[in-house]
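In the two complexes below, subunit A is the common chain; its partner is subunit B in one and subunit C in the other.
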Partner chain A sequence: MGNKFRSIETKHYAERDAFFDDLKKLDRRAFLRVAGISAGIAAGMGLRTPHSFQLVNVAEAQGTKPRFSFAYISDTHLYEKKLNDRFVRAILKAVDDVNGLDPQPDFVLFGGDLAQLGKPGELKLGAEILKSVKAPIRMMTGEHDWFLDMGELWTDLFGPPNYSFDHKGVHFVVLNSILEKDFWTERGLSPEERMQIVAGLDNGIQSRFEVGAPQREWLRQDLAKVNKATPIIVFSHSPLYKYYRPWNFWTDDADEVQALFKPFQTVTVIHGHTHQLLSNRIGNMSFHGMLSTAWPWPYAPEGLPQLTVQMNRSDPFSQFDGCGDGRMDVLESGMVDKLYNLWERNPISVRASYLASGGKRDVPPRTKLPSY
Partner chain B sequence: MRPPCGVALSLAVLLFAHSGQAQPQDREVVSSPADLPPGVSAVLWKLSVPPHLAPTPERVLLGEKLFNDQRLSVDNTVSCSTCHDPRLGFADAKPVSEGVKGQKVTRNSPTILNALFNASQFWDGRASTLEDQAKLPILNPREMGMPDEAAVVAKVKTIPEYVRDFQKVFNREVNFDDLAVAIAAFERTLYSGNARFDRFITGDAKAFSAAERRGWALFNGKARCNTCHAGNVVSPLFSDQKFHNIGIAAHKTDFPQLAREGLKVVRTGDEKQIDELALETRFSELGRFLVTKQENDVGAFKTPTLRNIAITGPYMHDGSLVTLWDVMDHYNKGGVPNPYLDGGMQRLGLTETEIDDVVAFLFTLTDEQFVKFATQEQARQRGLKSKRPERDTAVAMGKKGNLGDLAPNPDLAVKNPADIGVYGTEAQVKPASTSKP
Partner chain C sequence: MKLLVGTGAVLSFAGGVALATGPVSPPARGTQAPEVKKHELPVSKDGNLVVGLCDGETSMEVKGVKAGESLTRAQAQHVSGALMEEWLRKNPNAHWDAVPLVAQAPAPGSTTPRTQQPRTPAPSKGTVREGGVTPESGGAEVKKQQAVPIQDGHTYGAFSDRDEAIWAASTEQFVDEGHRVFHDAQAIGGTVGISCDMCHPDASNTHPETYPKYQVQLGRVALLRDMINWCIENPVRGRPLADGDPRMRAMEAYIYAKRKGVKLEYGKK
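Entry: the complex of A and B
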């Protein structure tokens, strides 16, 4: 059948596309006049990413071609199955998603907080489930995995918590950014109490997260071998900047760590922990927060990085709303395009150019509903 | 013709839609019919019927004639009522409808009872009004097969009585828009409430048997039907008017693969006509996605009304579930997993008795005028109880798979949820005086 049977929506799309087609035919001056308006309309509709409304064929910027992709799963917060199988369902869903990616990612980053309370049953359950991921897995630790036995079992299962590797011209660094100053010995806390306090996140007892002097020294030596033009991608559980201290979205020695990366041209930090869409740019460094599979977390009342495209409040009746997994496309430039695969919403892409342009280009669609 | 499905309306959507509509000054504000049956909200009626499209007796008469007239199809074999048969609850009792030359379409014919309250029409919501909806099946090659609007008008013009009727009703000659207005006017009279449920909820405790009462409690509790089919005073049609992927397509196709292909078609911009995809190809299973092109709508179809559900089977957008027991089995195991499965889908853990109770409750939603048919249908469906392909007790009971926590079982001994306001009281809106349709 032909165009005769167009539905209301089809007609709407056709008319809109025609409108934007016409715009392309305008001369430069007229174009500039309407470009601003139409970009606004496009973003306001939130139906397509502004990218697809690009009115001028801007010459492809250098290094925007993808060189490879990796997937991410983070913050699964597993309990033993007999206590709660809800989070188990969520990680299984993430594993299915990642296994369904076509083409397959080069590897999968697990962003930390595999377990809820660091218990052997929880960590082993997670290790078991992650075995069914087809692509190789790179593990990072989170505070929920660590503070029951100070990382003993996690290290047994997955190896050292900080390491580096090179992949297709990119230097990757995995950090253990959730170390804390000893708040337990003096108080005479048991390992379980220590774990509970850290898992509580929002308390005045624990110290702030840090990478720590020994690890910073290891990092300094590791980076010394790397050419300054080589793109660097860093994995850390907590953001490597100071976001909101009361919730410990905070890395206390962030400034010292950032200083180590300063000489490099392109640095990207991928972090878990915050369970939300989060984007930041400090100097040469881009920061991307990842989604949790377990639960979404509201935005902090202050200190939210300006480049963050906020998600709106999740539906409390839906287990999966506000949660998800994702994919990073590592570009030739060494920066990444980030795809948030939100399970109950449309996927959201945050492009490298959005961060690099300080939020001026390729602005991701913003929610029409209030954030939280 | 087949106006697929769905139901009811979100107050907000309608309020918004209607406030944006210029209302002709020269027409009287039409009040709702004085004789709306129990269970049909006067508020809803007012919100759903634009004043200038309110059914006048003349339009309804013409609309009904057109609705039943096979001459609207290309070979004079199919009318609107072929797939929306008044004797079959304005559905057709077939898994998928059949149009001209015995061609099958890809989706099940939904009832048009209460379709006037739908926020959108068709299983994928691609038409927003009854008028828009009425036109498409006439032109659909698999349904009524007319080549184009002009051909319909030309054909109707050769029938003297219609030339007369259109002149009388619309004061002008036959045209396609007026034809749709007339058919829609007739459809706006097809409201249906007055079920045993309505007597029960308005205080007649004896209207329900013990099983039905337990069913209503389960409906709002452990069976979690009310997640999407909440029946309450602002949504008396038992539908949230939204679109959900409940995994029906994943029964029979490699749905992830199909979804990947569909996404590719849309993303590469090399897309065929939406309606073509929706109606003629296996991509039809992608549902709402073909309308919105939003990834989150892959495989999502509209939540249909549960009013008259007993007599409007077979069920689901593809008519693949034969009885209400099959439907309960499907939900009991948490649907069929696929990457776009709605997050609200999880196993229910209903026992066999509980399933019987919920089904018993669903039969109370049939309008009194169809009671005889419903009784037959109940007997027929019960006869098929031993044959239940969707049943998977191990999954439903959590002995297999990882399928989530159960909702609490309502404790009838303590309090019947029906007594604690899950339905509510409607704010009284006086039916203002009365030009009856």
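Entry: the complex of A and C
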């Protein structure tokens, strides 16, 4: 077969390449004119970070200057390599992406679900691959990492699943929000069966996610030491609010957890699990869903937060479409601008101002195709 | 013209046995293609063509046409008329529903193409309103119609609640089998641990109601099963299933069941 027919992917890349070729030929004045348009695209291609563009200089004048950045990789769902190399290739791509960031992020957040079925071979493979990330890594656990041995190996490899730290004036909290009530003992399920049920998104047998009373108490004590004006950023695998119960896009004690954060001026929650562009704002709290490197998930038929700008329907014929990694720019205000680095599409930025203004300002581009 | 009456399949009997023996364990069920009793046509001594009626019992030998030859249109009309007559003789109490005039009346403002003239309605004892759909013929009549005794004396449509319970249970079993295959990487023949539900929880994003449609990536019009097979070959890394594969049939059933009530919009992008 010759090159007579070009696939839409080929055309897409040809157009992108042409765009960047043209960009090199521009004089400085014209360059600044298109800088705003191209900032996001270029960042996604690893050519430049948006900091170096005129666009961001304007933003700085408005007091939304970034303090620092961290990158994110999430939901890699690794099987052992001899069984499945598909997801392995995806995490390697993500590691290359964050290693290619210039300037380097202060750290990289791994958002959970490193393994698919929590098996030792899967978790160890993930740990091995993540060693090649240049920036320091902050680990969060997901339900796929946990329910085979109830977190035993994960904790051995990466330490406790909930902890906090301070970084450049921001208080970070990492939660284990994927705990579930015991649905297995009474049914006499083996650890493998338990894991398999939790791994199935539409399996109604499993319990709902929760942070749980002991961890909420730990959180209360941790936050008691923090000044109420200090920006808080929370890492939680599940969304920390109630999105769609049948698929466990849901944290059962979200209301109690949110109450603990109420006294603080600025709270941002970064979560994995949902594998999609997802934005929410409840009171003083902004919520940001992260992309998966393994596969995208459709939006739930109900309960989607209003501020969410939906991800374009992904192309099933392309492994990496709808997948990706990204970067959070933590602003002086403590809120974050998030950059979704979609691998097969132009990157999408969702700015803090979009969430803070209740969706009125800096609206991210809408999609052309509906999500079924 | 010679008429041969064979022993027919009593299909409802098979269904009755299935119900009486209680629920069948899921893996055994659905792994075989459903059996449809074949109408065994008798062989003509003279080597003539034998034609069967769709009741599964009645057949007719056509004089002057050898087996393997095809009928002319006139001959075929004659044969079908004779078979129908025989069926009516065997079912003296059965009669067809009267063709409802209301349903066939053209919508206001529309014209009926000449090629689609309504069939002449059979004589009916029921009340049929002339003049098509009017505002007066709508909702107000529904309650009255519900009080009217249901037509009986038909062979088709004379089903008991038990029959319907059997059908519903059989359909549900089929859908359940589809659910099992859809959620099991091994059952679908996958080699990398990936199952359908990993990307399509509750069969979402499968949108079966949009098929058939031109699938840009395939460069041709695709059916739902073409896409199922594409997924099996690529992300799932299995071998495509044959059209008649019970797993394919069951998965189609499951996927359609999950989209119940969604408007059919074939060809949608």
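We adopt the following convention: the second predicted complex is superposed on the first by the 309 of 372 C-alpha atoms of A that agree within 3 Å, B and C clash if a C-alpha of one lies under 4 Å from a C-alpha of the other, contacts with A are read in each partner's own complex, and residues count from 1 in each chain.
By our rule, a residue touches a chain if its C-beta (ideal position, glycine included) is under 8 Å from a C-beta of that chain, and two chains touch if they have at least 3 such contacts.
Just so it is clear, the model here is predicted, and its values are computed rather than measured.
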Q: With the two complexes superposed on chain A, say which partner A:Phe317 touches: subunit B (first), subunit C (second), both, or neither.
A: both
Q) Which partner does A:Ser190 contact after superposing on A: first (subunit B), second (subunit C), both, neither? A) neither
Q) After lining up the shared chain so the two structures overlap, which partner does A:Gln265 touch, if you call subunit B first and subunit C second: first, second, both or neither? A) neither
Q: Based on the superposed arrangement, let me know which partner A:Ser132 touches: subunit B (first), subunit C (second), both, or neither?
A: neither
Q: Figure out whether A:Arg86 sits in contact with subunit B (first) or subunit C (second), or with both, or with neither.
A: both
Q) Which subunit A residues lie in the overlap of the subunit B contact set and the subunit C contact set? A) 5, 7-8, 84, 86, 317, 319
(Q) Quick check on the complex: what are the subunit C residues that touch subunit A? (A) 183, 192-194, 197-202, 204-205, 207, 216-217, 219, 227, 230-231, 234-235, 269
(Q) Quick check on the complex: what are the subunit A residues that touch subunit C? (A) 5, 7-8, 79, 83-84, 86, 116-117, 200-203, 246-247, 295-298, 301, 313, 315-317, 319, 369, 371-372
Q. Mind pulling up the subunit B residues that touch subunit A in the complex?
A. 126-128, 132, 136, 139-141, 147-149, 227, 256, 260, 273-276, 280, 291-296, 337, 339, 342-344, 346, 402-405
Q. What does subunit A use to touch subunit B in their complex?
A. 1-10, 13, 47, 81, 84-86, 88-89, 92, 96-97, 100, 102, 317-321, 342-347
